[in-house]
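I've put the structures underneath this note.
Both complexes shown next keep chain A, but they swap its partner, so chain B is in the first and chain C is in the second.
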Partner chain A sequence: MNAPTRRRDTLGIACGAAAAAVMAAFVLLAVFLLGEARSVANPAFLLDAPSRAADRAGVGPALAGTLWLAMLTAALALPIGIGTAIYLEEYASRNRLAALVGSALAGLTGVPSVVYGVAGLALFVRGLGMGPSILAGGCTLAVLALPTVIVTSRVAIRAVPEEMRLAAYSLGATRWQVVRGEVLPAAAPGIVAGSCHALTRTIGEAAPLLVLGAAAFMTFAPHGPGDPLTSLPTRIFAWTTRSEQDFAALAAGAGIALLLVLLLVNLAALAVRRRMRGGAR
Partner chain B sequence: MTVAGLSGAGSRALGDRLAGPALLACTVVAVGTLVAVVGVLGVETGRFLTQVSPVRFVTEVDWLPVAEEPRFGVLPLLAATAQIAVGAAVFGVPFGLMTAIYLEHYAGARAERVLTAATALLAGVPTVVYGYFALNFVTPAIRGRWPGTEAFNALSACLTVGLMILPTVVVLSRSALKSVPPALMEAGLALGAGRGRVVARVLVPAASGGIVAAVFLAMARAVGETMIVTLAAGNQAQLTWSPLEGLRTLTAFIAQSSLGDAPTGTLQYGAFFAVSAVLLVVCWGLQASGRFLASRGRGATAR
Partner chain C sequence: MNAPSTRTEAPPVLAAEDLSVRFGPKTALTGVTLPVARGRVVSIIGPSASGKTTLLRAFNRLNELTPGVVTTGTVRFNGVDIHDEGVDPVEVRRRVGMVFQQATLFPKSVFDNVAFGPRASGYAGDLQELAEEVLTAVDLWSGAAGDLDAPALTLSAGQQQRLCIARTLALKPEVLLLDEPTSALDPAATARIESLIHALKRDYTVVLATHGRRQAARLSDMTAYLAGGELVEYGPTESLFTNPRDPRTESYLTGRIP
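And now, the complex of A and B:
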């Protein structure tokens, strides 16, 4: 790293300039968003309902919808996804079928989110008769998050050294005791990080919810999974398509509210990881 | 946990009896759901293609799904998607690759920390927020420079999608550069070549497999990107080469015209599934070619 010929050549200058441009784009995006959202920077904006009058509009119902969706997605995708990862890594025999499932899952992580929306429309909204509800949205987002949760959890489990398993088995531990007592504690930080990544990706999705038929205009906050589907990302979309300047400010404000939600999820995951590291000792 | 945690015979038996079946049930639910997703796309696409001939679907050049005499030629949508993906790569890949080279071989500790954080934050921004940025910042900037530009245009979408895929390019090509043995750098420097020369002539070619894979993966993300193109590129399904005109991608068609109210069984409803299937094929094709080229690249450097 610290060779004498540091930073002082044409390539270094060109690459430094490119990096500076990336940094500038990031700062531009941040400053533009904050600047646009200036006029809605008050606590009432987070609680009020959207309104035809831009100066009285808020993101209350959309925020509640996004929190519901996040909880449903986490409650569905994390146990099933992590359970599947444990099964595939620790229980399933390594045959052709397992390899096929593995590569199919890897392929599914790259499927565009809007495609999951189309499938969710057929399966949950129409097929199971859920209608365009929070529940249908949560199920669709959970399916979208599932491949990522499984793939990242499998990587974390696979990284646990084989010696730990062998040592526990040699002491007479059963398979589940090895998994519970040795593998999961060691893999937990990686599983939490992967789950957090999958969850934050999904919470920010607008496209699949639009396809399901997210309500364009909700004046009351959803109280449960059966209520009509609304969310911050679709709210941002609806306000962005309005041409009036006032609504652009609302969209920017809703964007910042969404980023705050994502930040909170990340901080929560960080806290969980820190506690685990403390508890492992 | 150590040996102490391995005692307790009663809970041991119960835990072991329940764990296997429970985990298997999770796997069955997960795999079953994902099979249902792909299955429903296949079934509905099949039904659509019995009503619209597959040949006309891939050869006609008019996409008019709600016209009195609907036409379903997917080419304009496919061409628009290709244009956005290639355009985004033209902007995103050089900046992303050069940033990765800078991070790996030139940046000081502080610059590296700041840049890594900035790219991580860019990766975390939801695409609908990028769409907002495209429509309210990038488009006005372009129209200030070229006043004839349409309000919805491909250039704004290309630039913003390029920014969106940038973190993918940076992270993946940086890890490709990291996997090159440091001995190559030392050998190059020992032969008297400058750092820039060694990086450009030895290290980047050695990492080329991973870099190509990064580019393909980033392009697959650009193909699947929906909100930026829906907000910034417009809804005219047309074959055009001009970046200053509007166009409509595969994803934008789904997002703009569905909104959940097309009745089940109609041609328009079937079109969502057929377009989704095309998207799936394109994305999987890009992923597979990326993996193939990456494996070939790695083989070449090993020799």
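And now, the complex of A and C:
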């Protein structure tokens, strides 16, 4: 009938095709990963230690390492990062220094993760004498996650309408009451989403941990932050450098294990969001 | 420039003295001196960007939340300079309540909105009772908003603004600052707010910033005309409207200045 409708239809078809292509890519990815990992599909794989013999190897220590790293990174990066964002948005004066800090943080989000690894090697492994431990890995990943946590949290806090703050202040609320009672609940969905994104990106990193000196071969699961550093991504890397076909299956299986951990993190974020929304009512 | 003081003999509850405010390089108010007598309704009229909102926000120290603001001069509340070191801005805001142009309710229940201020100040009394009192005062107790658990944002625009007034009344303030409270409302809702302001006069001192010249004439005892951040004229509403002393006031009132 008229051009605008036809054009919108064309656009709709194009966008639909793009979405379908993305879906297909993900399905193919999953199919290949699962197909590759078929031979290791048993619960023991998640618990067993790696072995020179491919048929007895598992991701137990690496999985434990990644869980430790995820917990340490979250425990360090989230309070510090969200706290910094609150400070910069609600407390710090808007001067040149604040602007400088803001652009420095934005720049840091773009620094390659391997560079953070080099810095972590100098600071945590050697400088603070942590050695190539889970703790050094957690600290390095936390530093890597921080800029993203801060930047996304600041955006979420800034998106809270100024009128809401003014209304709360005009009703005799203290700054803490305004921030804790109004700003944070309103910004929470954005903060949680940003933090979750930063965390999942970070714990999937292999490069910085390899630079720190992740153990190439660990036969026992780390029991605490002081134990040697190992993780699923570095485990995957180690297996993919072997030429035998069996180890490719192991790498795929470890990849699936990593995805399961990330799913866990996302579910945790979802639970936090749901609880917060319940509390706001 | 000062009013003939037949009606302001009592010491003013609120007073701006040679007050100037600028935001960075932008001047919002210049040398404004305006005493507000207790129990009166004072209207502040003037075109957009004439400094009405800034003047109102100077009375409860809300301007200082804007980065880069510089305030000079004095604002006295019951004789005390509210910028004195010993004065807590939070305390000032509890005693000088404010309602904004747009209803700014929190995305919570009617009750939680009313209880916000009292809770923030650690009110020891019965919140339920207080809610009934202030919601009755704004004529929201019976009807849709009588449901205290209803989400505040489901109310009509006029009801929302009256809830905002109720929320401020729950602080038991001495002064109410109303910043163009009806400019976003239809005529019927405006009329209800106006009769509410008329009733509030008995218990509160009201400072009303308004775009509506006729609203100022209907509601206020005293009227101040602001233009370009300066107080052009301040006097009893009747004489200011019928016999303005400044030609600028006259051109504004006759509509030559929008």
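Please note the rule applied: the second predicted complex is superposed on the first by the 255 of 281 C-alpha atoms of A that agree within 3 Å, B and C clash if a C-alpha of one lies under 4 Å from a C-alpha of the other, contacts with A are read in each partner's own complex, and residues count from 1 in each chain.
The definition used in the following text is that a residue touches a chain if its C-beta (ideal position, glycine included) is under 8 Å from a C-beta of that chain, and two chains touch if they have at least 3 such contacts.
Note that this is a predicted model, so its numbers are computed, not measured.
When the two structures are aligned on the shared chain, A:Leu258 is found in touch with chain B, with no touch to chain C. Of the two partner chains placed by superposition, A:Gly224 touches none, neither chain B nor chain C.
With both structures placed on the common chain, the touch criterion links A:Gly129 to neither chain B nor chain C.
In the superposition on chain A, A:Ile86 contacts chain B only, with no contact to chain C. In the superposition on chain A, contact is made by A:Val111 with chain B only, not with chain C.
By the document's definition of touching, of the two partners only chain C reaches A:Tyr169; chain B does not. Ranked by how many residues of chain A each touches, chain B and chain C are led by B.
Using the contact criterion defined above for the overlaid structures, shared-chain residue A:Arg94 touches chain C, although it does not reach chain B.
Chain A uses residues 168, 171-174, 177, 181-182 to touch chain B in one structure and chain C in the other.
Put simply, chain B touches chain A in their complex at residues 1, 3, 5-6, 12, 15-16, 19-20, 22-27, 29-31, 33-34, 36-37, 40-41, 44, 94-96, 98-99, 101-103, 105-107, 111, 114-115, 118-119, 121-122, 124-129, 131-133, 135-137, 163, 166, 170, 185, 189, 194-197, 199-200, 217, 220, 223-227, 230-231, 251, 254-255, 258-261, 264, 272-273, 276, 279-280, 283-284, 287. Interface of chain A with chain B (complex): residues 3, 5-7, 9-12, 14-16, 18-19, 21-23, 25-26, 28-29, 32-33, 36, 79-81, 83-84, 86-88, 91-92, 101, 104-105, 107-108, 110-119, 121-123, 125-127, 132, 143, 146-147, 150, 168, 171-177, 179-182, 185, 200, 203-207, 210-214, 216, 233-234, 236-237, 240-241, 248, 251-252, 255, 258-259, 262, 266.
Those residues of chain A that touch chain C in the complex are listed here as 93-94, 163-174, 177, 181-182, 186, 280-281.
Partner chain A is touched in their complex by these residues of chain C: 60, 62, 65, 67-68, 90-91, 93-94, 97-98, 100, 102, 104-109, 116-117, 120-121, 164, 167-168, 171.
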